[in-house]
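Labels A, B and C are assigned to the chains in the order they are written; within every chain, residues are numbered from 1.
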Amino acid sequence: MEKDNKIEKKSRRAFLKDASVKGAGALAGAAALLTGSDDAEAKATWAEHFQKNYRLMTDEEKKESAERLEKRYSEEYGKKVTVGIEPAMPGVLFGYALNIQKCIGCRRCVHACVKENNQSRHDENGKATEIQWIRVIRMEKGNFAFDQNKMDQGYPHDKNFKHGVQVGGNAYTNLGTLLEGQHYYQPEKVPEKDAFYFPIQCHQCEKPPCVKVCPVRTTYRDPDGVVVIDYNWCIGCRMCMGACPYWARRFNWGKPNLPAEDMNPKTHYMGNRPRMKGVVEKCHFCLQRSRKGRYTACIEVCPVGARKFGNLLDPNSEVRKILDRKRVFRLKVEMNTYPKFFYFVD
Amino acid sequence: MKMVNFATDFLCYALKGGSKFYTWLLFLGFFIMIWAYGNYTQISQGMIVTGLNDQVSWGLYMSNFVFLVGVAAAAVTIVFPAYVYNYKPLKDVVIIGEMLAISAVIMCILFVLSHMGRPDRLWHIMPVIGILNWPNSMLTWDVIVLNVYLGLNVVCGFYYMYKKYTGEPVNKVFYMTLVYVSIVWALSIHTVTGFLLNTMPTRPMWFHSMVPIKFIVTAFSAGPAFIILAFFIIRKNTKLEIKDEAINMLSTIITFCLSISLFLTLCEIVTELYPSTEHSFSLKYLLFGKHGLSGLVGFFWASLAMNIIAFILLINPRTRKNHAILPYTCAILFVGIWIEKGMAFVLPGMTPSPIGEFAEYTPSWIEIGNSLGAWAIGLAIFTILAKGAIGIQLGDVKYSEVKGEQYEK
Amino acid sequence: MKNNNMIKSIFSFIALSLLLSGVAFAEEEADPLVCYESRGMIDEDGEVVGYTIVEQTDVDTGWPNIKCSPTTKGVLWWGDPFDGTEAMGEMPVEADYTHEEAVVKPRETHLMEVIGLFPCADMCHGDPEVVAVPKNNKPRVLTEMHLEKFEDETGEPASLRHGRGAIWCLNCHNRTNRNKLIDHMDNEISFNQPQKLCGKCHGQIYRDWRDGIHGKRIGMWVPGGKKRWWVCTECHDPHNVQQAPGNRGFAQLLPEPAPELPKGMKNADHEQEHGVHDASSGHGAAAKH
């Protein structure tokens, strides 16, 4: 530890002295230890800083780095933490279906996700933000209401409508488009009479734009269709956040604030293990659960059973039956992303 | 040996100057200190110290980056007439353009480093030791073209100065090949930066094939404007003779490019607002504000007004050629384009978020300090490089067998 | 000696304080963290009431059976989905999941112990001297005991919330044995298997439920894995299924807190603004340019 401190002080000095340094090599090691000694990241070993991209590791290397993390996390959070490295299950392609007719907008999925996936919690001192991977949008049913008083109105604003109405008076009131919802609704009770709700999270696209734009291939699609992120390889450029059409990705702006007592000790390397500051994260269909056959946290908490999950390759799976039997749509099909997240109505 | 002499002589000349020179460097040094503090804070606490959030995840750093890529590319406005048209008045000062390109690319790199959440992991993007997702990721293209452009300008500029220093003739084939490559390359850097943004259909405001050309014409307005300002300062403070023709040539280039830029702005507004689909929400938010949020409205109209005023002053030959007015025109234009690329292009592209959330972003003081500091570093580098280059161009810095003779008047 | 005494007294002081703090600590821990599984709420007294109340305990170190929502007191996360469940018994025919290990949380125990319905049924409806066994299934005006099941509390059959007079209590409840429900053939149905009762009328939904595409199930998604099936009445109130129009068959509940506002935003008032703004800036703006 003392040695680490020494190195740290030295490199800090070196860094400040050579302030205009543009060479990446010099920065690579120095800045890693610039994070302050009380920081959890400072406890990370050199091996952690200089390990390969997860995808390129051999099985031994994966095991080694998972064990390294287990040791560090267990010490840090004061309980036995496991870091799984289960690969995708053979013959499984994950799919998700959400019944928007059922959703009551209670946001339990949002918070279940936070509890399961060790996201950063709200910090009173503003040193970290609360990260949530699911966003429930409230859509006003009134958007579809048409006003009888506006039937004689419109554009051009000509009293006698000599030239005919080009735009009816009911235009420019929202059509319930996705771009007109409310994200911060907080009524006494849900569901509200005049609203329906639209949860959005990562759609695990077959053709994910976020993966294409990543300059270091830290994010990629695993064989079971889940788009994963190697948190240790991410450089924090946020290209993926710019490219994602579903606004599924979140950034660790500060050092994640994860209280030890609320930390979920069953983790996966590509899933819910604690993240560090400066990296991107998002929904991964609870890899740590789903790859062991368990439902995701959001599925289990939904009080109305609006969320369904399963293997798209299994014709008897719940998702496949929904695709066969219900009216299904995908969000933003025009983006050609082929999401594996389906919305449906009964 | 000659190389070492060149380096020491160049630096000695570049770093020696009058009180004005040192005051200027000290002034920049103040901002560089702020930059150092700001970056230390940002690295130790994370990007939480910026005003950025998940809704608007690209901000001031990215805006400045985009703008400065343009400034870097604008060196070509000197190089091109000088070598392709063999335009003598610009040929004498071509080196200043190259030094500007070097400084601007360095600033770009500084802004990218500030933008990154994990600058310590920059090595992940290096081929061989890391993974470069080329050709898939547009950012890797940008990294490549910018670094090659930096290399080209360093080699071109310093090779030319070294030859001038030693008094040897320039190897025409080698030098001219590099010059021609760098001319095309200059266009590529801003084109690729345009592609970086406009290949994201998620952000409808950027998703426009017009972006690269608009980037280039705005760059070729703001860049030469900066060069003209530099020329006026150099003329006033050094013995380097910069001909009026050189400045007039540049102001003509600005006029052409600015008129195209304004035309493209008009095209964009009409194309977006005539059908007025959901995809024009960003532009509407920028132009008029939306749902009571209007943080960028003032910036857009201010930038448009600045560009139009500059255009009027430039299109009229009497005001354009009036060198008492021209510096002000250039300053107005430079600021106008800076706003246009940042507050009126990069930022509104992030609002609303892809799922329709409107959030306004205000840069934090740390972000502003870091940006000012990065500019200060770039300007300091430019000052030093340009000063050395002027010394060489004037023949003040010359290779001589006897040490110490070169500073005798 | 003196020293010894002092040491002794110090020790006993420490021991006492440790003991006291231990007691205080234990007392704190003794207050169990409880929340409801479904159809629940915090009532006026701040008590958690609901269909099934569960207590948070650690299954593994740092791995509780459930996590409760601090705001709504609903179960927010499932560590152990099978706590307190038993085999569902005979699976409905036609289902593809017959090979699975299906479990449910037994209703009858809950009704008996928590709500106290069964003793009541035994005491009132089981004793002809208290309440006579109805001679047939014909509707009639009900006594005050059950008026909350009616829309206007008149007890008129037409105002029964479920079915609005098209069905009657005894279409579902066993006329002679109130501890059981009843099917079309007058066979008894356990309260543990309300799906068999509801399926009498709601065939399509029953089919969807059997196939796992209606309703909630937790546990393992893998074919052959163990699943806890949630039965109809765990989510829907059988006497008031519809709730209010637009409620999608669920009672209203308190939502979990809204997300943190984006940095720099003071409020989300702009979300309330609608179309009006566009009417002036939309088309008019295009015309301006």
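Simple rule for what comes next: a contact is a pair of C-beta atoms (placed from the backbone, for glycine too) under 8 Å apart; a residue touches a chain by one contact, two chains touch by 3 or more.
Everything numeric in this text was worked out from a predicted model, so none of it was measured.
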Chain located farthest away, centre of chain A as origin (C-alpha): B
A-C or B-C, whichever has more C-beta pairs in contact: A-C
Gap in Å, rounded to a whole number, between the CA centres of chain B and chain A: 35
Chain centre separation (chain A, chain C; CA means) in Å: 29
Gap in Å, rounded to a whole number, between the CA centres of chain C and chain B: 62
Multi-chain contact residues (two or more partners), chain A: 129, 135, 180-181, 183, 253
Set of chain C residues in contact with two or more other chains: 263, 271, 278, 282-283
Multi-partner residues of chain B (each touching 2 or more other chains): 52-55, 357
Residue ranges of chain A touching chain B (in the complex, touch as defined): 16, 19-20, 22, 24-25, 27-32, 34-36, 39, 49, 53, 56, 126-129, 131, 135, 137, 177-181, 183, 200, 209, 212-218, 233-239, 241-247, 249-255, 277-280, 335
For the chain B and chain A complex, residues of the former touching the latter: 32, 35-36, 40, 43-48, 50, 52-55, 57-58, 106, 109-110, 113, 115-126, 130-133, 136-140, 143, 199-203, 278, 281, 350, 352-357, 377, 381
Chain B-touching residues of chain C, taken from the complex the two chains share: 262-265, 269-271, 273, 277-278, 281-283, 285-286, 289
Residue ranges of chain A touching chain C (in the complex, touch as defined): 77, 79-80, 101-102, 104-108, 110-112, 115-116, 122, 129-130, 132, 135, 140-141, 143, 155, 167, 171-174, 180-191, 193-194, 253, 263-266, 290, 293-295, 297, 299-305, 308-311, 314, 316-318, 321-322, 325-326, 346
Parts of chain C lying in touch with chain A, wherever the complex brings them together: 38, 60-63, 67, 69, 72, 74-78, 81, 96, 208, 211-223, 225, 230, 235, 244-248, 250, 252-261, 263, 268, 271-272, 274-276, 278-279, 282-284
